[in-house]
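Same chain, two partners: chain A is paired with chain B first, then with chain C.
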Partner chain A sequence: MFAYVTRRVLIAVPMLLVAMYLVHVGVSATVDPRSEFYVCLPRCQEGFDRITEQYNLDTNIFLRPFGYFSELARGNLGDSSSIGEPVWDTLKTRGWNTAMIAIPAFLIGAILSLLLSVYSARRQYSIGDYTFTGLSFIGFAMPSFVMALLLQHIFAVKLEQLFGIKPFNTGRKTGENFLQLARDVTLPAVSLAILGIAADSRFGRASMLETLNQDYIRTARAKGLKEGKVVWKHALRNALIPLVTLWALGFSALLGGSVVTESIFSWPGIGQVFLRALGDADLDLLMAIVMFGGVLTVTFNLIADVLYGVLDPRIRLG
Partner chain B sequence: MNDESPLLTVDNLSVGFVTKGGIVQAATEISFEIRRGEVLAVVGESGSGKSVTALALMRLHPGNAITTGDVDFDGRDLLNMSDAEMRSVRGSDIAMIFQDPMTAMNPVFTVGSQIVETIRVHDSSVSKQDAWSKTVDLLQLVGVPEPKRRASQYPHEYSGGMRQRAMIAMAIANDPKLLIADEPTTALDVTVQAQVMEVLHEVQAQTGSAMMLITHDLGLVAGSADRVQVMYASRLMETGTINQIFYESQNPYTMALLESIPDVDGLKDRLEPIPGNPPSLLNPPSGCAFRPRCNYAQPICAVDKPVLVSVGVEHESRCLRAHELGADTEALV
Partner chain C sequence: MADTQIPPVLDEDVVAPQPGGATTAEVEGLSDKPKSFGRLAWERFLGHRMALVGAAGLLLLIALFWIGPYFSEFSFDERNVRDRKLGPSTEHWFGTDEIGRDLFVRTAQGGRYSLQIGALAALIATGAGTLLGALAGYFGKTVDALVSQLINLTLIVPAIIVLSVFANKWGADALGLALVLAALLWTRIARVVRGVILQIKEQEYIMAARAAGATHKRILARHLLPNVVGAIAVEITLLIGSVIVLESTLSFLGLGVKPPNASLGTLVAQAKGDIDSDPIRVLTPGIFIVLIVLCVNFLGDGLRDALDPRAKVDDGGAGKAAKKAAKAARKDAKKMKSSGTVVVGA
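Right after this comes the complex of A and B.
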């Protein structure tokens, strides 16, 4: 296992460096912080030159990442021009806010998609199976902002109008204590989770069905094991592998922030600030957010790889 | 139960599968006995209903199957007992060995832990350590070298033959009264086949359990079975002792099967294959199911359905001409 993990980490590190390099080149090529100066040149030559110097914009675009990396190594991510504080501080507070909805969204999504997968596979072609299939298609097809608005409308507005109860808030991080916070977090977390559930439960169902038809499941039954043990011990462990990939990648995407959901729920997370940075051509902040997304993807890929090894000895030892 | 009574009595067992095209009759009115300690071979082509019969005994057949009939195992009614009671029989009183050892073990658990699980599910008073040392002994018994080390390996680290040995070890872990071996050597190399059969016989002799050996390999049957049962198109065609089947067969299908076995002494110039294909179980031919491929068929065979008739002591054959077939078969063609 140690050798396996070491191998995966050794692959992940260069992958991360290459990813970060490409991100830097990509973002540099698409965002120009001097855009508003072009119309006033040469009147504002001074400001233009200042920005050029600040971001090393006269260096070749393929060499620019190295300057960035050397600053990064010193722990300097630059300053955000739109917010007016060090990028690191913004990233920290916003990242934590995003995590507050991303972690519950991931947990809800993982648990429900797992339960639905097992249920649908065990009762293939039952009414329940068809119902969940139908619902997951709706969940797939519905744009996330429609889903978010519907949830807000029903749980935070209509319920209060009709019955005078307001179980959840429409969003915005207002909570002081845990209970308050839970009311704020629930709706954005659920609306993020639903998309994941719709996709993951389909894959999980297929994987579970395939596993349940394997010979070793028949062997497990022939041993005299209870059906619960056959499903949750012998089948699940094998069926989990494709789900682990989906979960890991889904979780990294959630932690990277969701622009649409955070905007609708006025949630001060990474997605929201990303939109602002993009609008203001805040190069350092933008760079940091996209880098962060890349780091998350590579890291969670690594975690998924390690989990494969934990689940399946053929991967670990092979 | 005294020792004279049969261990397993199957009476009129039928298994049908509900499909879109209608009901497929996979086993039809099967009746037979297995006595304590004996080896009963069940022989037939693919799709003749051998495996389905065995799975139905264990109640492991797919959910869309309809099973009727009576199965008495040591005084217990297998088909009507509760699920919990059935679980206590599986892996304990009746154990099964499957065809493909490469896929019959769960790849994510060690071989040892899978055997330990079999022991402890039926007797939770056995400690993990005791079950583990019993597992090592079992692996030793079935001829797995270095059983201590091998027990903590995963199935993919075993060769096919070794895995089938481990499956046998798992099957005999709880001293079953009946071992059902469903084509235990089909997926193995020929040289390994012989070794595995030898192991199977050794453990069967040691534990004194009875065995139902399902196979399509008559050569395997010759060396190992006490009695043979030939199946065709979901029905029993002929039952008898090994000598009766091999030397005094009174059934055209059995005789055709025997004709198609290669002869190592080279006395046969060419093998005689059975012409045609097994019939569709969805709408079987009228009269005798084997009629379209039978050398001895007569017009009456298309009309009357043959029943099993006694043609000797413990020797039954399903053929309208069974009694004629005993003597001079050449003359009958």
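Right after this comes the complex of A and C.
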């Protein structure tokens, strides 16, 4: 097991470094923090030079990442020009806010997709199975912003108009106590979760169906095990293996901040601040967010690989 | 009678052979004229209800987007400030927006733009993916390692964030946006093509072609790539679906399509401020996105089932693609004979 994990880490780390290098070059090439200065140039030479100095814009674009990495190694992510505080602080508070909707979204998504895939596989071709298949097709096809806008409209506005109750807030982190916070979190978390459920439950259904048709399941039934035990213990453990990867990747994407959902629900998370950084050409903040996303993806890929090895010894030893 | 082979679909004596099923004559090998792969695929496709729904729906949508505006008396950017924010009526079928432009015409234009970008990006991604995947699968070793690492690198990058950064810079025109989207979406098809090529490049007919002195280019183009046509067709269709979702998302965020152009995403973005008083304006473009992607996905699933290479074997018909490859192989063999030399291990 140790050798397996070491091998995965040794592959992942150089990969991450190369990806970070390329992303740095890519972002530097596309985002120009000096764009506002070109029109006024000889007059505002001072500000122009200051920004050039700040981001080392006069060094070669392919060498700039090295300067950034050496600062990064010293724990210096730079200062955010649009927010006016160290990038690290922004990342911390925003990251925490994003986690507040990402973790519930992940839990809701994982639990529901698990239940749905077991249900659809056990009752294949039943009305329920067809209904969920149809819904998941629609969920697949629906862009996240349409989903979020609809949920927001129906649950936060229409319900109040029609029945005078407002079970959830339209977003915006307002809550002081837990109940308030739960009302804030529910809608963004659910609209994030639904998108994952559509894909994961299809995948889980196929995986569960395959497992349920295997010989060892028939053996388990033949020896008189209760159906519940056959499904939830013998079948589920194997059917889960492919789902774990999906979940790990989905979770890393959620933690990296969802640009669309956060901006619709005015949630002060990473996705929202990312849009602001992009609009203001706030290079340091932008870079930090992209790097953060990359680190998350690689880390969770690694976690998925390790879990895979734990759940399926054939992979670890093969 | 070997009726055990007849699928349960055939409840009565059916004269015409069913798609996907085999008549008794074919089962016993008495069928004198085997159907071509293309014909079998076509029949399977016709038997796939969802695929037909998808294809019909897509054609309808294309007709609506391209021909529909001719039946409207309004033009795409004609403002009429007196008729602002109207609901659907016989005059303005989808209502009007906040500066009085007819939303039917705008939706049609947005749909056209979205579909065009979707198709363009899918084509670019498929072209690049097929080329890189084929090279990686065929040459192996360094090329394969390079392409595989490139795929892994592309997959690491947080998609929507990097897309936003690039789309913000280059997304204003269709080609730029399509290129940006394709740069992130080529990986799937590259992996599919690489897998297929890795599988079949060890077969004897490839070795024969090599022995005959066929160049790498010829082997790739004539002997290997025809085998991935089916997989590519499926991937293109499914890619168009994901591209349209991504494009509309970027445009919704204001990073993709810029005014005066409209895509379905920008239409939703323009209407979202008024969603509480006027949800219809958000719903119409939203529903069209869902409809397009649904149809495209159904079509892709149908194509996948129709072009499934395993079904090809079951039905006993020689695949059109495989036939083409076999023909090319014969030609190479002829060349080998005429040149009189046998190249060993070319």
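Throughout what follows, the second predicted complex is superposed on the first by the 318 of 318 C-alpha atoms of A that agree within 3 Å, B and C clash if a C-alpha of one lies under 4 Å from a C-alpha of the other, contacts with A are read in each partner's own complex, and residues count from 1 in each chain.
Here is the rule we use: a contact is a pair of C-beta atoms (placed from the backbone, for glycine too) under 8 Å apart; a residue touches a chain by one contact, two chains touch by 3 or more.
None of these values were measured; they are calculated from a predicted model.
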First, second, both or neither for A:311, with chain B first and chain C second: first
Touched partner set for A:222, first chain B, second chain C, both or neither: first
Touched partner set for A:238, first chain B, second chain C, both or neither: first
Greater chain A contact set [chain C / chain B]: C
First (chain B), second (chain C), both or neither touched by A:46: neither
Which of chain B and chain C A:153 touches, first, second, both or neither: second
Which of chain B and chain C A:293 touches, first, second, both or neither: second
Residues of chain A that touch chain C when the two form their complex: 15-16, 18-19, 22-23, 26-27, 30-31, 137-138, 140-146, 149-150, 152-153, 157, 253, 256-260, 263-264, 274-275, 278, 286, 289-290, 293-294, 296-298, 301
Chain A-touching residues of chain B, taken from the complex the two chains share: 58, 60, 87-92, 95-96, 98, 100, 103-109, 117-118, 121-122, 154, 156-157, 167, 170
Footprint of chain B on chain A - complex, ascending: 214-216, 218-226, 229, 234, 237-238, 311-314, 317-318
Contact set on chain C toward chain A in their complex: 149, 152-153, 155-158, 160-162, 164-166, 168-170, 241, 245, 248-249, 252-253, 255, 265, 268, 272, 275-276, 279, 282, 286, 289-294, 297
